[in-house]
Amino acid sequence: MSTLNVLNKSPFEKKTMEQCLARLADGDSVLMIEDAVVAALADTAIASQLESVGAAHALYVLEPDLAARGLSSSSRLAAVKVVDYSGFVELATTHERVHSWL
Amino acid sequence: MSTLNVLNKSPFEKKTMEQCLARLADGDSVLMIEDAVVAALADTAIASQLESVGAAHALYVLEPDLAARGLSSSSRLAAVKVVDYSGFVELATTHERVHSWL
Amino acid sequence: MKFAILVNEGPYQHQASDSAYQFSVAALEAGHEISRVFFYHDGVNNGSRLTTPPQDDRHIQKRWSALAADKGVDLVLCVAACQRRGLVDEGEMKRNGKDASNIAEGFRISGLGQLIEAGIESDRLITFGD
Amino acid sequence: MKFAILVNEGPYQHQASDSAYQFSVAALEAGHEISRVFFYHDGVNNGSRLTTPPQDDRHIQKRWSALAADKGVDLVLCVAACQRRGLVDEGEMKRNGKDASNIAEGFRISGLGQLIEAGIESDRLITFGD
Amino acid sequence: MEDEEYTGGIEKKIIYVNRRAPHGTVYALESLETVLIGAAFDQDVTMLFLDDGVFQLKKDQAPEALEFKNFSKTYRALEMYDVEKLFVEQESLAERGLAQDDLVVDVELVARKDVGALINDQDVVLSF
Amino acid sequence: MEDEEYTGGIEKKIIYVNRRAPHGTVYALESLETVLIGAAFDQDVTMLFLDDGVFQLKKDQAPEALEFKNFSKTYRALEMYDVEKLFVEQESLAERGLAQDDLVVDVELVARKDVGALINDQDVVLSF
């Protein structure tokens, strides 16, 4: 009964991401969209924190939102998989519910 | 040439407060309004951090916004002075500029 | 699968309405159904026919209206949110003694029950907001 | 002292418009001047005359309009923000081929230059937003 | 609108996740409105207060000077609408220097480590 | 409107404080619009990029697939409008794994400890 947790805010701006990650259940996944995609970058101040979450949970980032911000070819965390909107739709179907952390 | 820095977001929700406090100049003051008033409480997880800022800078909190949230009679940080809207106006005149951290 | 979409922010200020639209298009392309898009809070501002965005920018309201016209998607604006923000159809205009309406084609105004119902009757509810 | 006020958010969703109003009232009571209130981004939504908030709630648009009528405060809505969000006066209605207007009394639509000018010519510019 | 009745025959578990302080934004008020309207649908409703959402339940709120509605008393009326599952995360309270005594209504405390499981027991998540 | 000229005779120091990532909200675009319109007023303008605001200057932005305007090239045109003081906080870049090479335009780096003094040297602060 796993949840797709959707994050749309930068972890440098809001505490939403850390607040979400602290409440993940086994089997839960995380999708980063909009300004949250900056969390997928390697070499940031929060990279190691997210990398360790990636050991236990599937992490995804939305490609068009990366591209919009000029981050498509930036080095990313190994744990993060890139999806497009059809991948987002697919993730919404393969998890039992979607929880947008606002 | 000091600045009145105005904060309106809870430090538990956004990083705005810590980002503002890291850039204060000598003589700058901080006014907490709207959801930022929760930072004036004693006994929170961020109280000691704010108390130390209060040693070097004047800290203010807006009374009607405290009252709205049921925090008027809660114990507050000793460093924080309470003002009403006329005090807010007064602070805006006694500082050379007002910087709202959005 | 049957999706319901909740949009909490108005056009242009936040990406929320754009993301909701792109998700809806992708879901329809994948053969899924969008049973309803419910616009709540500032989200009701997506439904104004009086917008004139710059010509080199996307027209958010028209994109939503086209989704209603072409794919039959049910676009519902929360009535209480509309009243607080000035979104008005013919019925609301008369009821509240206003002298104009501004709601765009394909949108309808109704109650929060439509959100609850969409949550109950769809397979997934996806929220886009701030 | 001469204050200019910048409002970046619409009514009811955020406290910003309320805070800006309360500050303005207090400044006027203290004998200061409010040279202009500039409504930018979603802030332009404060200027719609089509709102009907619940009777037990404050009427944000009417409060602003009363400040213009009673104290002569200049209430300016950013034209580009209005076009993206559907705030329309008679001039914009004709210019953009719209079939209705929705701007409230006491508000006028003008360009961003009015914000810059207010920043230059006032003693303090105070911003209220999200 | 408050009187509409749901005859679709489906009963789902719906959780309202409340994470913002009241009054700074409209979300606390709107969440309560949705719960009250939703009561007519006879669903299995849970309200969860996390992070700054715990401030929504703080006693002694007095927003009248700002001309805001004081809706905090409404939480006490939820029982009459058969909304009885109110969960508050205990770590969220502690981080803000609050205790159960500070709240307007009786709630059930939940530990942070159990929040994920609580949410995963639901059919629909509405976040405010 | 772009042509209006200011004849008030006052020259002030105006700083634009940009703290948000582009595209997620409209602020980056609007800040640029205000700077361009403001150029006609012949003021002493500074643009400061702090925190996520540094992403506004990131090279290779491609928001066209989302039907968003790609306004990032406009930063290079600011010089023609006599807007030449672009400051970027170096700690903000470093925390995000970015370097000066990643930016579309030449900027002056400023250390976090000097940001307060830079702001206190201004008459007007516009925050986006």
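In this document, chain identifiers A, B, C, D, E and F correspond to the written order of the chains, with residue numbering beginning at 1 in each.
One rule holds in what follows: a residue touches a chain if its C-beta (ideal position, glycine included) is under 8 Å from a C-beta of that chain, and two chains touch if they have at least 3 such contacts.
These numbers were taken from a predicted model, which means no experiment stands behind them.
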Interchain contact steps from chain A to chain D (minimum; 1 if touching): 2
Homomeric contact chain A-chain B: same or different residue positions, threshold half: same
Greatest separation from chain E - chain, by CA centre: F
Remotest chain, chain D as reference, centres from CA atoms: A
Computed distance of Cα centres, chain E from chain D, in Å: 33
CA centroid of chain E to CA centroid of chain F, Å: 41
Centroid distance [mean C-alpha coordinates] between chain E and chain B, Å: 28
Distance between the centres, which are taken as Cα means, of chain C and chain A, whole angstrom: 26
Per-residue overlap in chain C, given as positions that touch at least 2 other chains: 12-13, 15, 22, 41, 54, 57, 80, 125, 127, 129-130
Multi-partner residues of chain A (at least 2 other chains): 8, 12-13, 15, 34-35, 64, 97-98, 100, 102
Sites on chain E at which at least two other chains make contact: 19, 23-27, 51, 66, 68, 124-125, 127
Inter-chain touch pairs (all): A-B, A-C, A-E, A-F, B-D, B-E, B-F, C-D, C-E, C-F, D-E, D-F
Contacting residues of chain C [partner chain F, same complex]: 12-15, 18, 22, 54, 56-58
Residues of chain D that touch chain C when the two form their complex: 10-13, 41-42, 45, 48-54, 57, 61, 80, 83-88, 92, 96, 98, 100-102, 130
Chain D - residues contacting chain B, complex: 1, 3, 8, 15-16, 19, 22-23, 25-27, 29-30, 32, 123-130
Residue ranges of chain A in contact with chain E within the complex: 1-3, 15, 19, 22-28, 96-102
List of chain C residues in touch with chain E within their complex: 6, 40-41, 79-81, 111-113, 115-117, 119-121, 125, 127, 129
